[in-house]
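This structure is in structure tokens; I'll ask about it shortly.
Just so it is clear, A, B, C and D label the chains in written order, and each chain counts residues from 1 on its own.
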Amino acid sequence: MVADVSIPIDPIRFLAPDGELCATAPAREIAAELALTLYRAMARTRAYDGKAVALQRTGKLGTFASALGQEAIGVGVGAAMRKEDVLAPSYRDHAAQLLRGISMVENLVYWGGDERGSDFAVPRADFPICVPVGTQIAHATGAAYAFALRRETRVAVTIIGDGGTSTGDFYSALNMAGVWRVPLVVVVNNNQWAISTPCSRETAAQTLAHKAVAAGVDGVRVDGNDAIAMHHVAARALDKARGGGGPTLIEALSYRLGDHTTADDATRYRDPDVVRREATREPLSRLRSHLTKRGLWNEDAEAKLMRDNAEEVERAVEAYLATPPQSFSAMFDHLFAQLPANMRDQYEEARRFAPNGARHG
Amino acid sequence: MTELTLVEAVNRALAHELERDDAVLLLGEDIGVNGGVFRATLGLQQRFGCERVIDAPLAEAAIAGAAIGMAAMGLKPIVEIQFSGFLYPAMDQLINHASRLRHRTRGRLSCPMVLRAPNGAGIHAPEHHSESPEAMLAHVPGLRVVIPSSPSRAYGLLLAAIRDPDPVVFLEPTRLYRLFKQEVAEDGEALPLDTCFISREGRDATLVAWGGMLHEALAAADRLAEEGIDCEVIDVATLKPLDGETILRSVEKTGRCVIVQEAARTAGFGAEIAALLAERALYFLLAPVKRVTGYDVVIPLARLENQYLPSVDRIAAAVRETMEASS
Amino acid sequence: MVADVSIPIDPIRFLAPDGELCATAPAREIAAELALTLYRAMARTRAYDGKAVALQRTGKLGTFASALGQEAIGVGVGAAMRKEDVLAPSYRDHAAQLLRGISMVENLVYWGGDERGSDFAVPRADFPICVPVGTQIAHATGAAYAFALRRETRVAVTIIGDGGTSTGDFYSALNMAGVWRVPLVVVVNNNQWAISTPCSRETAAQTLAHKAVAAGVDGVRVDGNDAIAMHHVAARALDKARGGGGPTLIEALSYRLGDHTTADDATRYRDPDVVRREATREPLSRLRSHLTKRGLWNEDAEAKLMRDNAEEVERAVEAYLATPPQSFSAMFDHLFAQLPANMRDQYEEARRFAPNGARHG
Amino acid sequence: MTELTLVEAVNRALAHELERDDAVLLLGEDIGVNGGVFRATLGLQQRFGCERVIDAPLAEAAIAGAAIGMAAMGLKPIVEIQFSGFLYPAMDQLINHASRLRHRTRGRLSCPMVLRAPNGAGIHAPEHHSESPEAMLAHVPGLRVVIPSSPSRAYGLLLAAIRDPDPVVFLEPTRLYRLFKQEVAEDGEALPLDTCFISREGRDATLVAWGGMLHEALAAADRLAEEGIDCEVIDVATLKPLDGETILRSVEKTGRCVIVQEAARTAGFGAEIAALLAERALYFLLAPVKRVTGYDVVIPLARLENQYLPSVDRIAAAVRETMEASS
């Protein structure tokens, strides 16, 4: 007897890089509304993303992790989720976050070095951005357990990088989720790089989807630059989870077109020719070509979208820059539900040394 | 009221809260049918079901992380780590997440979890089963650290820990699990989580201890009483947040302080208490503060364990020296 | 394209439980010398093991982890290793340790609560028993790296339990070993239980050998109650590693016939009927039947072996019980290569309170 | 002699030892072509090859564990953890193995490894990039903990750490990496690993600090000098083993002590120094000891960071209060 762990290596793909429908696509036609929604969300993300990088360059924002070229992953997943589902994102997942209702201002406030950026107005139950790589998988597993225990039809979704799949946390939490069969979807953004470390130095596994085998959960590969396929695969996994079918690991293949973060300089360690080649597969132009070929999109629509996005981003930046600083007491206000009495002295010390009219970032 | 051992008191507190609050659940290795390696969860899976008393895979980091996710979604997970020497893999989740989820989200999410673990030496256990990492945990902002010293305090403090809206590390002195019984009211009354207890009153010197060491301190006080030295003995109980006022008041009265700590000396929690005295007791200290602690060595295996641990002899000698230094 | 991760579920087995050669066995005849060596080593382990449990019951030894029923695993692996290879064992691996030259006295001294039990006279480079489950895999990975770096033809071997495969350490170290392709053999003693937790509550993976897929290393299942098959599979993995072929994960199927440790009471959580059934597959009687059928073994040989083993064990117990205690200074002697000056006071304090003529155990 | 930044001094020490000793190797995330996120290992993979300067998978626990295995087999691995906030997953391996391999095997095996990590706040870094866990590590028997405060001390102390036959945690103050340059001899001369350095002599009060805080302490001393208060400033440098004698001698002279610590107050390493004074300086302390520390809160993100960190103002105020308390 031989185990059945056949995970196709060829990723699921509906749209070829030139926007043509692939022969392998299950549907003959892709719903126009969905395609337009995904395209708009990606364009919105990219507009925001570019501005955030620019703000950092001019000293108005802290370190920022661009999602350039990987917008389809977050957008596909975010669009497939329901409001009541919960996302446990990494630091590169504003595509999904924005789609879920987290505002640009919140994201800027966070990267601007202010905790209030994680106090999302909506969705209230989403986890804040997770920086310690891999740790968020366990949070999502626990959240999924809570949903199952309470018989809620909610799904926990978490996103992690290719490098993150080397961590013990990724595996041990996925393994736990497998035993518990909780409603969980783990998305790997395989953008090929963990800072300067290529995927080949992270693992000898045939694909990252194969990591699922060790946890006894389903693994699937998808073209992460194809928003339609991404959405389809995510929706399928979410449905399965909601129906009690347990966790899925989705490896979404993409490429990090930008630096790791604004603190990084990727030209130090990678070949610009490869980056240029990868850029030709990027998700926005792909879906735009598709929409254009189908007559669903044109230059005017594009120009208007660009304008709208630019305006929205501009308003967000203004609101961000106008955000008054927190007072010293922010350090103490939410440490516990109630500040222990023995910390009163420290609070007073902080007050005493707080600058008058603390300035902006 | 019935007489219970400390581990039975823990069991009773867990049962009480599982009964009272649907959001409470237990999570750990071998806590189900087996009732935990020390039987702290005995009978609870039978009573409350597999979904609320969960045998988890062997992965402390994932257990702690999953508990954080559960807590963030409104459950009140109580994690059992089999021995405190195996909680190190969970420290990343405790420090980087559990302790700061409320702060990071400005109160939007919180982490009302309890992490319990048997702590300390004294039962001739195998390697890595005798650790005392409480000082490390007490250093972490956003965590509470509680160590009971008797069945009734275990019961009342654990109730408080479970009801606390923030993460609490609850370290149970292994050596006390079955050392003695005590009447424990089944009244659901929690004890405060920010108070030291005066376990014995006295006027000559203050002994400060917690967990297993409290009993060595009390025994030393008994012996010293025969010599005419009258010790006050304080059970710290909640290390974080520390009730420094009770300690200071006692030392103001006695003028002398000996701190007893099982963990290795350097940067142990005793240092924090000594620092408190250096900062705020200078004008009424009659003699230098003393720490009687484990040495700065790896805690030895069973055959040398007793030579590592603070003993009644060592504590009594320290108090005598303190008396002499100020006579 | 579908990935080739075909790991046979049926374990490799040469001897059926009744000692008959299986049709699937690769060799028509098993080398008599090897079979006798393995049998003797298993019997020696079992004699030692039973005595250690008895010593604990009478208060003369600390907690002990019996290997009852799992002797073939350690013996098969230990016999396949070379002297210069290195073993990173768990707490249940005295079968392998004894075969490698670690003495019964050392093992008793260790479980008796004395660090000198880990100061093996031979083999000097083997790791001490590892209690924090899972952590030893990384040590073996690092050791294997050292061998490869120095172009030594040595292999690092490590043993872990089924429960241990749930840890992040197991996976992250195996994954690292996969990338580095170091000479490593990881043996999983799948004795079906992690204390009271059955394997089915540890993972949803199809088999534990499938954990190898996530790390991109070879995985193989073997009947861990068949010493011959165990030895064969281990030898093959060691050869491969020595030849530069990288790590192997071996899942050895067995059953923990005893309690988890002497501190455990397995009747609390498992069905005695199952234990009785599993006992019929145990490795010693299986190999003895085989040897007997081939005329290589008889009652006299058995009686003599039992006598010899009992004598050896008795001598070891005497030596153990006669081991004088360490002085207080043992706490300080090997903490660092040289004790820091600032610890002199603590040393003197310990000396001052050391009992005169500290007693045994 | 050339002028180097602290991170360049680290690089020079690493190169020196890679050159001198074949057993030395480096292990960490992005330390190869990229030279580490702070460029501490810049050029070293090109010079010493991929086998000795290893880009490891993203798994701090496995990295630390593999280093232990390498060290046990006679190599001298130097691990880089990208930020000290990411060393928590490695703590289990550090505590349960690295620190005790020699002890457990009675010297048969040992663990001559160094674990380096950028430490502390002050560069407006993202979340989890500003941690100061040194007290936790200093509590662990069998570990040495070293924190340099200048390029030349980084060079000499790192050489010593690498040559030390036992595990050393070497925490490099991120905020000092490029703050200033200093002449650093390329002489391969190690500094002692058991000595505090007197960075400035003075007679009125002793300021004790380490790492990034040393410079705040020195700046406070400058300011106080203008007011006629003459501070002695001690750079602890090696927290474990602590050179208490140098601190005590200084406090014996000045009678006053202010300890400056970036980490959260409770059970921080400053407590150990204050405890030392409570035990051994009572008779010559003219004023209560003071600690100026980070508050017991999660270190805030960039915009509030400066209100968390001990500042020159806070340090100077504490010294003034100490002077007043004893005048």
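We adopt the following convention: a contact is a pair of C-beta atoms (placed from the backbone, for glycine too) under 8 Å apart; a residue touches a chain by one contact, two chains touch by 3 or more.
All of these numbers come straight from a predicted model, not from anything done at the bench.
**Student:** Taking mean CA positions as centres, which chain lies farthest from chain D?
**Tutor:** Farthest chain from chain D, going by C-alpha centroids: C.
**Student:** Would you kindly tell me how far, in whole Å, the mean C-alpha position of chain C lies from that of chain A?
**Tutor:** Here chain A and chain C have centroids separated by 44 Å.
**Student:** How many angstrom lie between the centres of chain C and chain D, each centre taken as the mean Cα position?
**Tutor:** Computed from C-alpha means, the inter-chain centre distance equals 40 Å.
**Student:** Where the centres are mean C-alpha positions, what is the separation of chain A from chain D, in Å?
**Tutor:** The answer is 36 Å.
**Student:** What are the residue numbers in chain A that touch two or more other chains?
**Tutor:** Touching at least two other chains: 115, 132, 166-169, 172, 175-176, 179, 201-203, 335, 343.
**Student:** If a residue has to touch 2 or more other chains to count, which residues of chain D qualify?
**Tutor:** 57, 59, 61-62, 85, 88-89, 92, 96, 103-104, 127-128, 141-142, 242, 295-298
**Student:** Touch graph across the chains, line, ring, star, complete or other?
**Tutor:** complete
**Student:** So in the complex, the part of chain B that touches chain D is made up of which residues?
**Tutor:** Going through chain B, the ones touching chain D are 61, 85, 88-89, 91-92, 95-96, 99-100, 103-104, 127-128, 133, 135-136, 138-142, 240, 242, 263-264, 266-272, 274-275, 277-280, 282-283, 285, 287-291, 295-298.
**Student:** What does chain B use to touch chain C in their complex?
**Tutor:** Interface residues on chain B, with respect to chain C: 29-30, 32-35, 37, 55, 57-59, 61-62, 85-86, 88-89, 124-129, 265, 295-298, 300-305, 307-308, 311, 313-314, 317.
**Student:** Which residues of chain C touch chain D once you look at their complex with the stated criterion?
**Tutor:** It is residues 86, 88, 115-116, 118-120, 124-125, 127-128, 132, 135, 137-147, 149, 156, 168-169, 172-173, 175-176, 179, 330, 333-337, 340-343 of chain C that touch chain D.
**Student:** Which of the residues in chain C end up touching chain B in this complex?
**Tutor:** Its residues touching chain B are 62-63, 91, 110-115, 129, 131-134, 163-164, 166-169, 194-197, 201-203, 263-264, 268-269, 325-326, 328, 330-332, 335, 343, 346-347, 349-350, 353-355, 358, 360-361.
**Student:** Under the stated contact criterion, what part of chain B meets chain A in this complex?
**Tutor:** Per the stated touch rule, the residues are 25, 51-52, 56-57, 59, 61-75, 77, 89, 92-93, 96-97, 101-110, 141-142, 165-166, 194, 241-245.
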